[in-house]
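The first chain written gets the first letter, and so on, giving A, B, C, D, E and F; residue counts start at 1 in each chain.
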């Protein structure tokens, strides 16, 4: 359950309105790596976390903080949009000709849709969606995603930070930049803790690792004869798992298998020259039918 | 420019068709962390890379490999869909009653849309989109995203791997699992190389770091009075930047600023009680007007 | 700013797992009218509200409650997914043949993507997006949307409620149904309060009402000669604004204007037979040019 | 079946082209509450309506009218785009410098994609999708959605109306504003009719109402200690169902149930410390297995 | 303006309900090439058509017919969904065990969202969107798209047709198949008419054709050393424009230009080693500045 | 498997940066008919092709070429974005006043998201998705789609080509225009080859053609009494299948069947007046039950 406190975590006081900058700032709210993304990603990871105690509490703490960050940004946006030029273009240009210059860059939905408030969209006006977030239940993979999200989020914030001289806006973004610096580390330290607590041995996701083809776990394949990729750390020395990395320049196929599907079901009218025999509709072929017969027998046994 | 070799990188030979498993396997093709995602993410990062030589070559090498991984999976899918039950439900059930059990779980678009081939969609049938990928131009943040993508991709592959007993399918997925193990490390080793080459000092994205609020860079805020998050590594000891981490239990607002927008433009018909004065349409308020006047003067100067 | 309390608002205790029902229940989480929609719609309306005091506080209160409702549903879903059949289809069918019957209806992403947790998606597996929500800044129109959202949400909940016999699931949904009943009224009572406080006269959105064509404000047009729509209350008696409603059977166009665009810009290669004169690229025609000339003059004046 | 009449319902004659305004006008065509939304929503509700006679006829009448409203807007848009500045930026600026001011705000897809015609997209250029519409089969909930859609649509129209001085554009929008005023009432009067005809008792969606938790049907919970929401009509007096509303300041959880999922299936590699016992793959736990055993027995009985 | 006639164009009378088939049939309503796509594509092309008379009338005629086709399919779907199994899974299985087999394949949104009616979505449950349609204003390119849409639509219809034995369903689909056969030809004959009327010379889109590199207009490049593509008609003989086609086996780059961006703006924190000189923020480099200076001079001239 | 060659297929050397033009050029990368669409469409068609030899090789050849075309465009875009004005608006305007004119039209994500590189989005900033592509397995229908895609792509390219004077940009686009001219023909010649090789008789998709209603295969229906569509080639003379086309002016319904669904399941709370009898939940009505009983008997037989 959640509670609300009617104050911002940190103040959001621009010196003056700036509708053009507001359009750009939307990226930090509803972009792929905006605050809505981390808010929702952490909420879902927290709800999906099966390890109660410090891990689940930590995820819920940061998730709860992030709801407040969206709140800060929506407040900042509404203030940046104060008195934004929404009237007739010609009139606006006449009264204050330089306004004409910024009319193009404004986001018209800031007037038409929200009446001067923030939008749950990115800087291009694209709605936010949950395709941006992940909550896999596996803390190692999710902490990797979170560290990446904070790094990307901080980079976008930093770029936007350089696009304004407004001291009030910069003041708030200086807080956000610092939180992103801390949160990046929080997730990387979280991986250290996972290792310490035995949830992962190496920090590398390696479930079913005993089954993987080991030659392919330590090999860099290059696909361009002139590639210089072999000069990098990733292609030389020991891997993080302690194996020697192999560099294969100008890789070749490891098989003579060609990318060709089987004979198609004739009822589906797929173009076919008959060279792979007759396609059979809905039978799955001999092997499939046999597999199914096995199941029939097992069901019969279970029903007896 | 690219070239094509008409062999698969690794063979894709299922023992027998399995349309139900094929529906699940789609997640590894067109899911948020499927092969299309890494293929497109690396292509775009490679094209967007401004550091020629080993870095750009490495990214293009792996991008090129990943196109071939989508090729492997589409081939595997077509073969798993051989003779999938696409006819009348009742007839199928009569001829082979157990088929009825799997009819529900099949993806009907595998028959209707592709005629027995793979779909560029995920296991729920949702089309793939570029909202899944990032190419920021900054290798540190992108390598973090890539390491996360490989870890998530490997986890999903590993879960799907456990959903089949087909030795041919497992054989190919054992190759894919290994590549994901290697590629995770490749990007983490890439960050080591970035540090060695001076592209980042600490592996933490910290552009404009000199401007961020330093108290907020080293503080864990908790928002639940009963939270035990303070017990974790992320809330104790030194940060990765060498500062002492502060733990704030039961955080309070750092300001008395409330989340309230300014007086709205009356032409936008936003609900308003008049308590913040009169909203002015299209003027941006006094400060804004002044800012604009300054620009007018500068333009006049420049034109003279 | 927000706080978290580590207890659910209401208990979420299914009697037993049911992966097939879990797939349906997703509609109440991430559907067009699921809990994520009302959670996000109310948060954005609250942040965008310019009337502090009881209105803004009320919207934030319900928004905060709704975050907790998503939390309840995600917990219920994880419990319904306990031990869901994620292994090989054939094996599962052998061990427990009736399981085969439900294998089709399960959502494979519940295993592959979340590892047995809820998804931020609807019952068809489609990701949630902010195209589902509205925060216009105008409380009358938003309260209408909210009353509709609660009614639709309650209907969907009620349909899903009838799809299970699990007393634990029904217990929680009985709480949700009641909240939806209350919340529907809350927004309708909110409109009463808006009228009482003078934010709207009639509860009908009628900004710029003095400009609208009054004949069209009170007329029902029918477009089917056999339509019986004239028998309804909407076509007879007084409108809610106190005017007599007019019923026009078999409506005719009110103009001889035809739906035809002007002569196209030849640089755009639009099919055109020349019958409307010569299309001019980038000039906007005489009227446009004149309008622009006026602006030029005004700018010159302003710069002098 | 439908017929077409080659005249507009109402004329669409702008005085002069205005490409910048055209970009904004797109919101009224392809926005969340644009004419495409009501056209499609009413068509689908009409086709899905099970009550022949005045209800179904009424819905089909307005649906048919709305197709014509999209036609009016697309015609208006093509005329506003006449001679829009599509050439080289530099050239345009040289020939008519003020054009430079509006070049930014134009929607380039108006030239590149449609060759000077309307787009089925909103003012941000986002494609329209059916996630915007609802046709639930229940007229009460749908009429609530329709009244809301007309109110939102009218508000957006009214905001856009204030962004132009073109008398021809304003003339057509005055017609649209009036239709939205009428249509809002049409759906509210429709609810009156539903009550009169016995399709709903109170206008509140309350299916399965006998099962809902009645304490939760009449209670306002506040989640902010300083909230003043208790002063509103929604928290005082009688509900629309005739019950006394209860106001709970500073709500507390109604349970000691915590948001924690069960022991995860080990085959899914979800992070887990083992504190809830051993997760079992694919069995659904004891209760689930028992439920399934019951079904097996019933099937055996039915097959005998 | 449009009118409605309350009869279907062709009857939609299934012999009996079939919820599983209904789920598949959705592809023909809301799929990429379903009836909604052709309905909306033709409506938008008709509204966007600048050639009045037989062309515009023809497009509007077929567009109007297609609205009626969506109506036919939605009616068919509602009838196929009559009494679909929406109750508790276990109960349904007990009462009629074979129902269990189809429970998985049903679309739960057919019950939860529409209450037994059609959905504006495809067979995977994905909402329809306007990214599926095109209305370019150019009849040649649009007629090509329309002929393709009808061919794809017919193929999908034909595949679905083979998935049922219901004579009533087949009866209606036999009408739809025939209309798709006719409509394919209608658009191809339309291209013949465009040639006859001089709107295109060859049926090949070749605007600005005088500027294109002519060597690249008649050359097939192969990118696989073992490719046999040279054996096809597309690589031999005369092109449709009367030129000799050239076949280039194993193509090589036509330039030594490498895919590398310029020195990045340092304010954007793009990874960069400095090897291309100093990136300059916001100036566009020397060439850009010069170009802009030219514009300044022209504006000054125009304002004088 | 694929290989990479680190040179562009054709040079991409703009004379000078132009951020405004870059925003438009995005349509040719990530638009509905941009290079990503043809790249992905051909890759998927090639992987899905069941006819090895010249057909499959041809499709893979062009698919491989198109990857390189995206590479060319991303390189061109990065160079056009060199030094794009990303700083504070006011500062930029002061330093170079004419820059103010283009600030609006720039795509801010070119700075914030990619740091001066191309975006996988269209000119409106909308992400690319696989809903734009088709790979049906049927070469006739796919070649029709490909010919259309090339025609539309060429038209968009040609429109964008006219929006710049930059000789370097025009040089590269002249190559692209020519490839689109060739590729249009390639697919049309491919249909000739399909006819020659017997994959289609007439070039008209007509699977299950023996079942279609033949009267509907040769009839043009008009739905507007004033339509002149009967004057076109599509309504007169012989069809491409050699039948006489019939023109029906002012079409009437071919049935007295009305668009009305059956009695709804009462558990779904669909509005219903009881006039079609009692809706039965989960039974599917008599016919459905009978059909199911038949399946039960067949399963029993199969299990014995």
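In this section, a contact is a pair of C-beta atoms (placed from the backbone, for glycine too) under 8 Å apart; a residue touches a chain by one contact, two chains touch by 3 or more.
Since this is a predicted model, take the numbers as computed values, not measurements.
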item	value
Where subunit A and subunit D overlap in contact partners, by chain label	B, C, E, F
Set of chains whose contacts include both subunit B and subunit A	C, D, E, F
Pair exhibiting more inter-chain C-beta contacts, C-D or B-C	C-D
Chain centre separation (subunit A, subunit F; CA means) in Å	27
CA centroid of subunit A to CA centroid of subunit C, Å	25
Where subunit C touches two or more other chains at once, by residue number	1-9, 18, 32, 47-48, 55, 57, 60-61, 64-65, 71, 74-75, 78, 86-87, 90, 93, 96-98, 100-101, 103-106, 111, 113, 115-117, 121, 124-127, 129, 131, 134, 136-138, 140, 155-156, 158-159, 162, 207, 223-224, 226-227, 251, 253, 258-264, 267-270, 291, 295-296, 299, 302-303
Contact set on subunit E toward subunit A in their complex	155, 158-159, 162, 267-269
Complex contact set, residues of subunit F against subunit D	18, 20-21, 23-24, 27, 31-32, 98, 101-106, 122-126, 156, 159-160, 162-165, 223-227, 251, 253, 258-264, 268-273, 275-276, 296, 299-300, 303
In the complex with subunit A, residue positions of subunit F that touch it	1-6, 47-52, 55-56, 86-91, 93, 100-101, 103-109, 111-113, 115, 121, 124-127, 136-140, 194, 199, 207, 302-303
Sites on subunit C touched by subunit A in the complex	1-9, 30, 40, 43-44, 47-48, 57, 60-61, 63-65, 67-68, 70-71, 74-75, 78, 90, 93-94, 96-97, 100, 113-118, 120-121, 127-131, 133-138, 291, 294-295, 298-299, 302-303
